[in-house]
């Protein structure tokens, strides 16, 4: 560990630079007070942060779930949730981390007091967004309902942090949460995937990490479907045994061909395409399972009869539960797949709007755009 | 037990009366050879059989899943699957049952050799329908792909049979499989339902039995939704704490009202209504679960985004797996709910077409129509 | 609900009467300040509390698990954990309960920040006992590591509380946690118990509640083993289909006889007898499961080979996890079993030492001795 | 695949060489008729077979579980269960395999008709050993209760077979079942092991494969304990992050040291040492799990109180259930660990007694001794 005395004594300024949201779509770089960590919290100096498609959504429309009390458009709200950094201050009673520890973060800190948190489903916390005012239940989702990481510092609940190995770069560490979401998706479908057929639909960041995680878990074959050959090539490098360009071949037919008409065991749907549920169902054998990590904005026709007749289970998931980021980070530490393949661009904090533009418009085939601080 | 020596020596005729399917919709009463039980099978003298909505479907269109090898319209096929009777002959090696035992049956005898059977999911057997000719894998689904119970005798795999308690009538025993399906639906959603809110959508036979089973398991409250007050009243007698006539009140609003805006934990969907998945989702709290035991025939618009954002799991099920009929029969033996409330009409074997007509057209508010043999 | 305005305005005194522990075995009635509820906590006016065998242990030897920081013999510690009462004050942000609500409590409020709490196993919290001083992690186990209920008031985390139905007496409500422990024991073994054979070993309070819960869940048969006929009789009233006095018949032989050599599916071991694990194992069929809710103080010979050869799983449990008290309370509210049968004696707060003496020495066949406050 | 026409037309002789058991300990090479495959079975020409410690046990004392009907000392019984070979004949209805397929086998073919088989726990089949005479239930455990692999041919149920990849040697393929047992042990403890601490006790074949499988699944750290440095070195090559020679350091202390007092999450106990359960328990953190894949012959003192107070679950397992051999074979195909490291010696079929002697007496540090056929 590089926890030098210097780091431990590092001065924390009173003010910090932070991007804040004004009206929808409006981001401004301001000075804000550095926040203070409370019980079970630490202060993280942010070293790098990746841009997620959900950030673009939040900046335009607010968080995807109902906010009760916390309105990003009225709070000098700082978005951004895929970040990593260095612990610079511990809240009272914290000894799970030390000042100087490099950490990467996940999003959801459940309230710990609702039924879902009590059963371990903290990403489905019933008090989501309840972190304000009179009805403060202690839930945090940095970058969604509480201040996030397009800033110099952020406060994190210790439940949201994973130690970063010494030999993992800052940029790579920002991708742990993405890999964790993919891992959680595989977990909720059942967990025993070695030797099983896994189809990943959609070679976005979660889908590509899903390929890496599925292969690390021993899935065989791993099939990736998508529309862009360059993305599919990265999938191959991450461990996909087969890639299918759905502009050239029907995805369902391809899966049947590859599996010799047996069908797949699991589909991790990361495309959000309107017909994705129906296609996923038809890729599966009877009793197969679908995890939805993406979705179309509007209601779409679903062949519900097919799901029932074929005993198919469909799992909608939020985030990266069951400590999946810890497991994903372990795989990345063990070099089971090269997450860095999806990191394409880097910008400094001052250039967050450019970084976001690259991510939104996929300029120069951008996949993951990272903002790297210069301390 | 009433296994007298007399029963044990009961003569089995060489021929029997059986209804067989000709062209779609065409049923004829014929004489057929009494079948012989093989390894792990017994011969059952049928004493009573209930008419299921699926029977109507099969008689018109064939079984709902792909048949490979077994075509009911070319085989003197006998439909009917909700039957009970008396064991009259044991196949080789069978000692799990005795001649004279009263038994009721479930549908699925898995092949025992596919991946799903190996993991205990025998109602999703990958060799469904494979009981014929060169590719005989040993799967049986009496009344679906192998001869069923609108006849005097049928052969049953021992995996499909449950002992009937002495004080349970033949008619009531035909309802065990219906209750078993409802129980399986609750099981796949997680199993711990005491004190949890269960909504049952649709007061058909499975829905009504679902009310009884959910209450027996301690669900609280149990809410039943439907369109007909007389059916809802039966639901109340079976244990529903609240009934909602969706013609008079919006079902989602009603569930919110009853649960004081907490939402339900589980929805057992038995209506097959086009908007059922969307309504079920909106009845649930975050992280809630839906089991689909019915479905609309055509694809319907589904708000997939809502499922994902609310971490909802949707379980399509076939039949009555995990030995759920055994558990349902135990509850019925313990008088936890009065299944007989859904039995409305009785006819003799000769009147199967009339029985089916009553069931199809819901004549005199028919719910479960039973055909009772006169031996 | 009886939440009248009067209750809501009820004055809370600054001081209260409380029994505190001095040297081992030494209890004194003193005046202590009434504690104040913090975040996610309420103040409960205690209305009744039952004496548990573990209380006797704690009073003599301290809590059964390692205490880190909280030593009951140096803190004016108040023991007692099986209590119920009335909410009289809400901590900041609490709206899950109202002033005036009648509640009964469970023991464990996990820290919410360790691996076990994160996965929902809060009774196995890795920060057990960490509620003091510099390393305060927020764990509470009232009556074990934090002040308990032999007093007029106690502070409770909202995770430890269940609403008491209007028609349940104070005395009965103190038994919910005992039934909850039994229910949790059945849950960890798998959950689907309807129609399965459950053996309960040992007719102490947990064992007797285990009989009631197992029967409520549909177990069939429920077999209770023990040494005292009067206790076994109560077991029969609570739903045991068979009772076995092990002084008169070998327990393993009896289970084989009753199950016609099939063996049991589950054993809930509540006796703590030295040979209990070996006997439980031999009662089971292959693949059966044992839950240990009691234990002998000293290491005992165990036939480990038998466990492995027969594929037996053994579950040691702490407390009443997975919100089992909520489920147990639902069954009690639904009158599925009469928990009051195990309540035998009642004393006022002043007579705690007598209550404890009755419980320890089983005077007049005492089972559950309750201390009832007179407000 | 190397399924040439030549292979498909390969002549099967009427007689074969096979080692058979006479009195305990007595093995003779005889000529026996080549067996015929029935429904769901194939005939396998054996190409290689490994010697397992259980073989030694069976040859001296008979199978470890109750045999009902099949007594190896009276049947010209052929032992041996860790074999692989080539499919040379298909039973009726088999199309899951082709003549010429290379396959490796697992032991248990459940009856498919008992409660355990119905729920997928086929290695705990309640009809274990029931493959003879009037009460033939169809169970098979080749080398235990039905003829095994120290012979030229054997009949196998298709449920017991896994395809061998082209680039895996015959010798390596005999080790799949050993790796499968280790994988099953990890599975029954919960399945999500990436980033978790796994201790493997005992560097025998299952333990060493356990190290490889645990590391393949992402466990971190993997700790191996044992008494022999040369075995521990092989463990290091198979992926152990730490090895502990228990003659030099207390195993519990070592685990605490390595995990910085956090304790392990899982212990896979493969040593059978008398104090193994107690040591495993003390290696774990609260809520940890032990899987017992080995056992001492005699009852041993177990600190049951420690298990209960620390919420520890103990899983006794038989064999390699849940299709674990398929998953293990996938990992081996993917070269996740080098199983060949435990293969130390090879002998021809004629030298089975020498092979067994090497295995029993660990001559020249023998770990896995393989008998290789010369066709």
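Here the chain labels run A, B, C and D in written order, and each chain numbers its own residues starting at 1.
In this text, a contact is a pair of C-beta atoms (placed from the backbone, for glycine too) under 8 Å apart; a residue touches a chain by one contact, two chains touch by 3 or more.
The structure presented is a predicted model; accordingly, all values stated were derived computationally and were not measured.
S.K.: Out of A-C, A-D or C-D, find the interface that copies B-D, where copy means more than half of the contact pairs are identical.
M.R.: So the equivalent interface, with over half the same contact pairs, is A-C.
S.K.: Pick the pair with more C-beta contacts: B-C or A-B?
M.R.: Higher C-beta contact count between the two pairs: A-B.
S.K.: Distance-wise, how many Å sit between the C-alpha centres of chain B and chain C, to the nearest whole number?
M.R.: Inter-chain centre distance comes to 40 Å.
S.K.: How many Å are there between the centre of chain A and the centre of chain B, using C-alpha atoms for each centre?
M.R.: From the centre of chain A to the centre of chain B is 42 Å.
S.K.: At which residue positions does chain D touch at least two other chains?
M.R.: In chain D, the residues touching two or more other chains are 115, 121, 322.
S.K.: Within their complex, state which residues of chain C touch chain B.
M.R.: 183, 187, 191-192, 194-196, 216-218, 220, 322, 326-331, 333-334, 336
S.K.: Which positions of chain A touch chain C when the two form their complex?
M.R.: 39-40, 92-93, 95-96, 112-113, 115, 117-122, 134-138, 157-159, 322-323
S.K.: In the complex, go through chain B and note every residue touching chain A.
M.R.: Listed in rising order, the residues of chain B that touch chain A are 64-65, 115-116, 121, 123-126, 128, 188, 277-278, 285-287, 292-305, 307-318.
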